[in-house]
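First chain A sits with chain B, and in the next complex the same chain sits with chain C.
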Partner chain A sequence: MADEKGKSVQTTGHAWDGDLQEFNNPLPRWWLWSFYGTVVFAIIYWLIYPAWPIADSYTKGFGTVSYQSGGKEVTRHWNTRAELLQDLQSGSETLKQQAYLQKVAAASYDDIANDPEMSAFTQSMAKVLFADNCAACHGIGGSPARIGQYPNLRDDAWLWGGDIAQIEQTIEQGRNGFMPAFGEVLGDAKIEQVASYVLGLSGHQVDAAKAEAGRAIFQGQEGGCFYCHTTSGKGLPSQGAANLTDAIWTVADVPGAATDADRLKAVEAVIREGIQRQMPGWKGRLSTTEIKLLTAYVHSLGS
Partner chain B sequence: MKLSHESIEINAGLMIVLTLIAISIGGLVEIVPLYYIKDTVEKVDGVRPYTPLEQRGRDIYIREGCYTCHSQMIRPFRDEDMRYGHYSLAAESKYDHPFQWGSKRTGPDLARVGRKYSNAWHAQHLNRPRDVVPESIMPNYPWLLRNELDFADIADRMRALKRVGVPYSENEEEYLTNVDRFGADMAAQLDIHRAEQSLVAQAQSEDWDGDRSRLTEMDALVAYLQVLGTMVDFGKYDEGYFAEFR
Partner chain C sequence: MPDPRGVAPTGLKHEEHDRPVTVETTMQQADSQPQLYAARTAIHPRSVNGRFRRLKWAVLIVAYGVYFLLPWLRWERGVGANQAVLFDVAGRKFYLFDLVVHPQDIFWLAGLLMIAAYLLFFVTGLAGRVFCGYFCFQTLWTDVYILIERLIQGERPARLRLARQPWDAAKLVKMGLTHLLWLATAFATGLTFVLYWGDAPVLVREFFTGGAPFSAYATALFVTSTTYVMAGVAREQVCTYMCPYARFQAVMFDRDTLIVSYDHSRGEGWKGRAKLGRDLKTREQRHAVGVGDCIDCGYCVQVCPTGIDIRDGLQIQCISCALCIDACDTIMDSLGWERGLVAYGSQRVAEGGEKARLLRPKVIGYAAVLVVAIGLLAWSVSRQAPFDLTVAQVRQPIFTRLSDGRIQNSYEIKINNKTDRILALHFVIDGLPAGAELDLGRFSQVKLNPEQRLRLAAKVRLMPKDFDGQSHPFELTAVPDSGSGLQPVAHPSVFYVPAE
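Right, the complex of A and B next:
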């Protein structure tokens, strides 16, 4: 290498196994200058950013970040938290998004639906919010994995009401769905009768005598089902009581059952065990505008 | 012996020792100051040690290796803030031994999962994730519902944590300090002598796993997950408050 120009190469002076020697060439220049470069970089970095600990504090550096806090402008030494705050308050992406958010926040739900730009923004942002927060239970796009705990949001049946105001309240406050367990109160025979009546309400083939007996329990004090499901069986949104007369099932997997007997069994199980289901409230976790976006999105799913 | 290039190079033992010293300087310079820089841990209300039931749940979380796929650390970045919520504070894991921050996210971050979903969802999801999230690649943990929770050694577990600085109480004085710091109800739950009673009482206070008749490992794990990230009320602080600690 270096002896091309006739210079003799220095060795480190060791010899292993008799004649194995090690060259002692100078460091390649590019490497050496890169190394000095990193040293200079480090010194500049220390000057700009928080770096060296001193007693119970540290050098803060000359870099600064400004943000709003408690209604006034604050300027502090550079740090990731301040920078995030600045980005969330006045970053270029934030400002673009905020222009839309403010427009949506000020608009009525009708205006949002009728304005193509606002409704496109609402759909795309709410879709992400839904995926981050709601999809774990309601499924991506609003269809849950199976009939069970979590209502499908893509149909137009609403346990707690499908008006904008009702949906907004559901998202804000959450819901506690409750139906008592009738297993010990009624016993197997009567549960079968009530289940027959309930299935009959939505037009399924049932034993007419059992359904008639079930009707008496449903509509009378013994079962008291009508208190929440109403005498017509159409349900009461204020109680989160399901409409039993349509083809939509949210707990008993009636559509998935193959035979009449299986359908009966599925409904019986719900009457026997009752229902307890909870949707958490999102008020603290999501902003008012985010809830508004979700409300508009969920409302649009169900039609 | 003169400490020359050659003597280090031909003496493996010496080289190992000197290498360790050189490398640990880097680590020590980064880590040690955090113990005495006064802004490291934010001054914030609400953070408390885990109750006995939550602590048992946390032990199960670690036993099952949840940390290999889930982090518990929301970093101060825009995308994380929008997806998970407020970035994690050092203060929020001050009673975690060991902490569960992590950096591997096969699954989502769990630092603020508390009360985001219902108890029933957690029980269903841990039992068979695909029952609720068809796209999930998380394994099933069906034994959590089957296994009775073993909490015979909960007092010893709390004593061990007390040794590393978690303020569980063992005498009247410590208990009264906890009453001042965390309120009477919580102080009672943090009392080691009442640990088993508190654990059972909390397990019965809510339907954690969908079956109130048994105390299972699922009860404990769900109770733990439901408290994650819920101790600090961020509504109480100005937006910029936590930036003042950096």
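Right, the complex of A and C next:
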């Protein structure tokens, strides 16, 4: 309060240097009570939440959080991690997501593809599933870091067929990609000839004579390549045989090679060594709904 | 209230100001032990009538009318809530009459806050604590609480008597009724506050049938209790101890800022103020012996909601409510003397200077910034895009080689329809060589429901020999149906081609 006329202002009673005094401006008493209130609040807080460290442990508090873990209900003392788990399992957003997931699970592939909202939902959910289960081989975006690792799922070439049923079968059952090694059967000269022919199929510059010789091996019984790659070189999806006439290379890094000789070498290496690749089946490991989401997602990735 | 013209001058004389009493008692105790904490001295403001009081009632009625009725105002919209003002947090939309504010418009809030701040600076620089005295909800709600107090317990002397008398049935009834009405007002305030965040008629029904969300009850309880405590119990202490604005407003004051002030030279003469006594009845008699015009009736002190004496000069507690002006004017009118002993003045006037100048560089500066900020906000609001479009290039992988040798880049398109109509869009790309192909799967034509958000995956394909360079900028444009009258919205992006 402002000092009153004719009234001296109260001092704290101390005097320094003879006459140096301090005004006493008392705090409002409710302020003191507010302070006590915070003390009471702190004590209640200590009782409910983890608070005091005791040696290698701490007071846990009476507050608890329950969540599902390994199919069992777990109740722990209150902590933010458990609360996050609880929210992820039974929070309102999670319930909404699950309800929508039911809707997508019940819809046909065609319905999902025709509905922009269901498509976007599928993309979001499947992206996470893909990153958890598929990205180790196929890369985060469905495209391996370099050619020669695993098939690129974003391009328009499908070793085992690119329609929904085929993709679903691939994911459920897995695939065994196999091409025999021809190194000992054919020898270097013939391998070069076959490689020349194969490169020529996709329009690359090759030695015409060698390619012609390679054609005979490819289409004849000596190489027998046409059994899987067909006489046109487009490949049988039932065997997982690559189309050799297009610009896509899944094992030999032809686009990455700088010279004609390097390109030839890359194709020769595949013919010499053969291919042995395996994709595991995911039935049993992933739920039907998860496989469905992944199928729709992978199908949408490809062109 | 009784007519102060007849009652005030005589009725007031008997009364001592209630405030100094405790000061004296604490000082007596203080001789031995200084008291570090002081209990609040209850303030029982006397009612007053006058032009400022009438103005303040008018402001209060308008403010309460708006606050309590606005949630009930219905509004026709093509889609969304039919409430005129609704802050739909769950739906991430703020409805303000015909304007729907989306999360992307959040920077408007910054503009609004800036305008509010500069308006406060401007008004404070010009006319002091106008906000405090006339518009602050603390002042408005305290006014209503004091009104309730007066209607139940009577005028100031009756309230003082009631406060002093021991607890008996009558006091219990009066105090109980007062607090009950306070609580009812607080609850109405709390409930109304909640109604701005949900559909009012539904929410009220849910609220009383136990079906409202927890946050509604918690917020209502919080606002109810703070209203009750702040307007009923804490009152002027909010302004004095809690409000930051009360503390920093002084830096916006200058010598010309309007402040409620007591004309010291007129009131005190050279001998000081004196009550109307024998031989001190007329101004001439008083001036002759050097006594000023202030008859020391104390009315200005009794009406003060913060319990200060304006005659002591500008004080931090003063909220510029101007009720002391009304009080003094009432007394001066009854005496037949000219008004203005307590009036809006300024430090310059108090020091004997000219009347306050209104056009000062600081005030003009605040006004200029204010006008610019309002203009920018209005411009931004008027240009709100009917729909948002963003195009983000997929970086993993950044390109894909296709079987025919073309290069494909992928993009994620996000569209947000802000209109209340169905938005039919198709997409075109500009800036890439001829032959570039845009593929949106089955969504080359897409329809968005009102206020719908959508994410689409797009692919662009191109023969790499068609241009040089690794990155090529282009624009993807969303074109609304020609009948919609909406403008296309374009978003820049980049097409990447690997080096051969």
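The rule is short, and it goes like this: the second predicted complex is superposed on the first by the 209 of 303 C-alpha atoms of A that agree within 3 Å, B and C clash if a C-alpha of one lies under 4 Å from a C-alpha of the other, contacts with A are read in each partner's own complex, and residues count from 1 in each chain.
Keep in mind that, in the parts below, a contact is a pair of C-beta atoms (placed from the backbone, for glycine too) under 8 Å apart; a residue touches a chain by one contact, two chains touch by 3 or more.
Note that the structure is predicted; figures quoted are calculated from it, not measured.
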Partner chain in contact with A:Asn243 - chain B first, chain C second, else both or neither: second
First, second, both or neither for A:Gln68, with chain B first and chain C second: first
First, second, both or neither for A:Gln278, with chain B first and chain C second: first
First (chain B), second (chain C), both or neither touched by A:Ile140: both
Touching partner for A:Thr259 - first (chain B), second (chain C), both, neither: neither
Partner chain(s) touched by A:Thr11 [first = chain B, second = chain C, both, neither]: second
Partner chain(s) touched by A:Ser300 [first = chain B, second = chain C, both, neither]: second
A:Ala120 touches, of chain B and chain C: first, second, both or neither? second
Which of chain B and chain C A:Gln221 touches, first, second, both or neither: neither
Shared chain A surface residues [contacts with chain B and with chain C]: 12-13, 139-140
Chain B-touching residues of chain A, taken from the complex the two chains share: 12-14, 50, 53, 55-58, 67-70, 74, 76, 79-85, 87-89, 91, 93, 132-133, 135-137, 139-140, 144-146, 148-150, 276-280, 284-285
Residue ranges of chain B in contact with chain A within the complex: 6, 10, 29, 33, 36-39, 76-78, 81, 83, 85, 87, 115-121, 124-125, 130-135, 207, 235, 238-246
Chain C - residues contacting chain A, complex: 19-20, 23-24, 26-27, 30, 34-40, 234, 237, 241, 308, 312, 315, 317, 394, 396-397, 400-405, 408, 410, 439, 441-443, 446, 452, 454-457, 459, 461
Chain C partner contacts - residues on chain A that touch it in the complex: 1-2, 4-5, 7-8, 10-13, 24, 26-32, 113-114, 116-117, 119-120, 123-124, 139-143, 152, 154-157, 243, 246-248, 255, 300, 303
